[in-house]
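Two complexes, one shared chain (chain A), two partners (chain B, chain C).
Coming up: the complex of A and B.
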């Protein structure tokens, strides 16, 4: 029983990390808070629904196509949004930076209402993962293991990208000191665009992976945004590993909180946020600027 | 939060524009009350309440430099506390309504105090994220507390105030109240309290060094703005005889923020112009297209990219060019 809760916590931690990591990276490198992050998540869910349900009549192939295609589509969307809108606002006032993301939230919500309607949409768990798997005496849904595995794999890939590739070196240099990086000939513009691409790819993947477990609703955007905010507030804005730690913490609090008070798991997350803020206002891994 | 290179105190708004604006708005508002049709009066009352809501938000955003994304929580708390007292506890009649309104504003002030104490230490991005998250929390509570708030079905059957049932009468009274509140907020903005807030906005560190209790002032602005937002919420509850969860939603907070920036946060008149423009857009656009919310979104993005100072900054630029 507890073991099952633990695995369920790991599964939601994996989703939370994929969801929030991008938000944190964008802030860390570009110093920009994208409120529309959750809208990207919602669009990914609905796109994955359409691809699986409409084009492949809810088959396993459809899911596979969605997992590969949707994150890339969301990445392209993120790059477009950066080039067309956010690129021009890095030096602007915080208030002016926030405004276009509100505009994007409106547009995404309107698109979803117009194209997919107000109903909740979901897809079946692919048949490869429909059997529960016995792990240490408990039966764990196979799909949980798939999400946990994918989350772990992507975390390692992100770590590798940031710490072991030339691109990662330039990203870290840009995050540490934008002007110095620019002076040394780093193409800061391209750095920002690629960061938006990677972040959007991550949030797109999170949207596809969660779809068989949770339906896509017109309200999924803000739910996801609030979840992502909880992760980065607790973990520390701009820190990827803070996001990982906070995602694990929140995932576990949610999974075990359900055993204690089923209706109010969201309250636990907020209490956790309040406590962290009072003790460490910049989050567990954040630096006070 | 604001670039310190162009410190624009509210006092430096173009004088001619301001005077012409006040006279025009007062005259138009009263003329509307006398001759306006019923439909027009309903829309005008909505605009009035939204103006008060946006003005109160600008005390936090424009004057104090705190980008709050939970202002709808205070608006909705005002409306819902008033409505619940009337519908569930029978606080009707003139005395009951007045007491309910007082308690509604007090409840909102208390909520602002609790939220404020928690978040006043953090700034910039954290402030935005926390206010957004806490605003959603209030929204969820209203949504889920079905036995008290009516949840998704809304809280309907609010009796209101005897003698204010007629649309025209309500409009005239609301106009008087909103105009007085506007005057009051103007006095706040021009007082030493208002100037201290502006000083904190432009340089919190320097303000702290000269002995200003920065957090206390920020908290005071946050709470004061919540009180005026709650008053607008009470007006909404009386006018529509009901409250709906959407009044607490992110969209409501975002609408007000957009209105404030659209008009220009650095002018006292900015939120008024912005709120009226925004409401006219949101009344008019649905007649033109089914995807009116997308159009609104595009307008918002264009405003941010091309004239981030708002409509009044455009007018001021035009004005200074002519001289």
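Coming up: the complex of A and C.
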């Protein structure tokens, strides 16, 4: 039974990681707080719904197409937003940086409302995962294992990308010292744009994966932003491993906390945040700048 | 802050800080937006409408607002009230009680005759306090909390919509009749849900005093939660016979059902959600996620009740709004029609005369038939439908099966009970 709690905690962690990693990376490299992060997530969910349900009559093929297409679409959107809006704001005051992202939140929310209305939308879990899988004597839905597996795979891929590729080297250089990197001939502009692309891709994937479970709702953007910020605050802004560690921590605290105190689950994440910030004000893996 | 601009604004970037200031101004204006719809003339009757158009209760609020506006348009087309056109003043509370109070206050200041609130219970409560203070009638469309017309009810607060007791009382009595004693509860953590859970269990225990909520099996999840995996596994580990989840708001309820399906929770356990027969609470539920053993109730069931008045309402609403009507739509529609009728009966635009005319007045509601405004608590006699959660294939959404109708006399408190509740409340 505890094993099942652990697995459900892992599933939460996988989604939280996919959600928050991008936010953290953008801050780490571009020093930009993208408040509209959750809006990308919400758009991804609704797009995935339309692709799967409307164009493919809710078949497994539809889901597959959505998994491949939607993160790419959101990545393109992220790049567009960076090029058209955020690129001009890197040297501006933090408050001026934030305003356009707030504007984006409103635009995205109204767009979603206009196109999809206010009702919740979701899709069936793909039939490949409909059978529960026996793990250590307990049955866990196949789809949850799929999410955990995908989350693990993606975090390995991201690690590889950041630590073993030339691009990753340049990203780390830019994050460490933007001006020095610029001086050494790094195309910092392209770094920023590609980081936005990657971050949006991750958040788009999170949206597609969570759709059959959570459903796309008009309030999904703000819920996702709050969750993502909780993860980066605990993990440390700018640190991907912080995001992973924090996602795991939050997932486990929620999964096991409800066994201990089911009455006040609302407090768990915030208590965790308070404790972490008291001990390490910059987050678990963050650096005070 | 804005005027000095950013430190980097010297070299041609000053337009950006001006842009920032302008954006701030616009954002601020958006924040207190209010619109007016209808004829703009002195010869109009101004009706305030506050609605939770954004925020957690957006679906509910919008449905209510659309019902009110549909009715207002119909009334205006057939000559208005006493020959005058209705002018609606609309404002968005963003699902926040404090904004509900502020906007109602503004509408009173702008000479609204009364205000209709397509808002949830907490917002209705905030408005209720103000209604009493300013002696301006307030009608709730989306606030089901029973205290609104009972303990905290007063002369200036009205409800055509159903009292929440309709949702849980027949349901709880049906549950008490079953030989099932081990319960788990899971609800969103807000006051309405806490009261609903408490009241439901109280009624169940009237019929079955040994019903037991299992240790550590009473879950309160934050509003907006859609990740229920850990809760479901915890519930399954306790081995309950019934799971009560009435206090889960639409999106949470939908997510809970979908995830419960993956874990097979309802293969062995009975479920009960007192208001999934309210279409907004069953939003997005998919056919595959509906087990055959979820007890529920609703005040605007799907498939839609087949009466001429409901079919006409259903058709006009869909044509006008390109959306499916919800309970709040019907309640908003009925409320606007009732207000018009009461003003006509009073014969003049006087609030006290209006209230006297409204008490005891009846009105036809689209699905629930003729309902009456009880004079002693200003609650209508709107009944409830009970049944099992089921798929309505014709309308392509979740609805109910095995439907039975229960009259309000079965669940509304008597005049004596209301008086007693109000006197204990004021101590």
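As a working rule, the second predicted complex is superposed on the first by the 283 of 289 C-alpha atoms of A that agree within 3 Å, B and C clash if a C-alpha of one lies under 4 Å from a C-alpha of the other, contacts with A are read in each partner's own complex, and residues count from 1 in each chain.
In the analysis below, a residue touches a chain if its C-beta (ideal position, glycine included) is under 8 Å from a C-beta of that chain, and two chains touch if they have at least 3 such contacts.
None of the values given here were measured: they were computed from a predicted structure.
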Fit-or-clash call for chain B and chain C when the two complexes are aligned on chain A: clash
Partner chain(s) touched by A:103 [first = chain B, second = chain C, both, neither]: both
Which superposed partner A:111 touches (first chain B, second chain C, both, neither): first
Touched partner set for A:166, first chain B, second chain C, both or neither: neither
Which of chain B and chain C A:93 touches, first, second, both or neither: both
Of chain C and chain B, partner touching more chain A residues: C
Chain B versus chain C as contact partner of A:266, first or second or both or neither: both
Which of chain B and chain C A:215 touches, first, second, both or neither: second
Which of chain B and chain C A:274 touches, first, second, both or neither: first
Partner chain in contact with A:237 - chain B first, chain C second, else both or neither: first
Doubly contacted chain A residues - partners chain C and chain B: 88-89, 92-93, 95-96, 99-100, 102-103, 106, 109, 222, 266
In the complex, chain C residues that touch chain A: 1, 5-9, 13, 16-17, 19-20, 23-24, 27, 30, 54-56, 58-59, 62, 189, 216-222, 224, 226-227, 229-234, 236-237, 250-251, 254-255, 258-259, 262-264, 283-284, 286, 288, 323
In the complex, chain A residues that touch chain B: 27, 33, 35, 85, 88-89, 92-96, 98-100, 102-107, 109-111, 113-114, 222, 225-226, 229-230, 232-233, 237, 266, 270, 273-274, 277-278, 281-282
Contact set on chain A toward chain C in their complex: 1, 4-5, 7-9, 11-12, 15, 88-89, 91-93, 95-96, 99-100, 102-103, 106, 109, 117-125, 132, 139, 141, 143-144, 210, 212-215, 217-220, 222-223, 254-255, 258-259, 262-266
Interfacial residue positions of chain B with respect to chain A in the complex: 1-3, 61, 67, 69, 118-119, 121-122, 124-126, 128-130, 132-134, 136-137, 140, 250-251, 254, 257-258, 261, 265, 290-294, 296-301, 303-305, 308
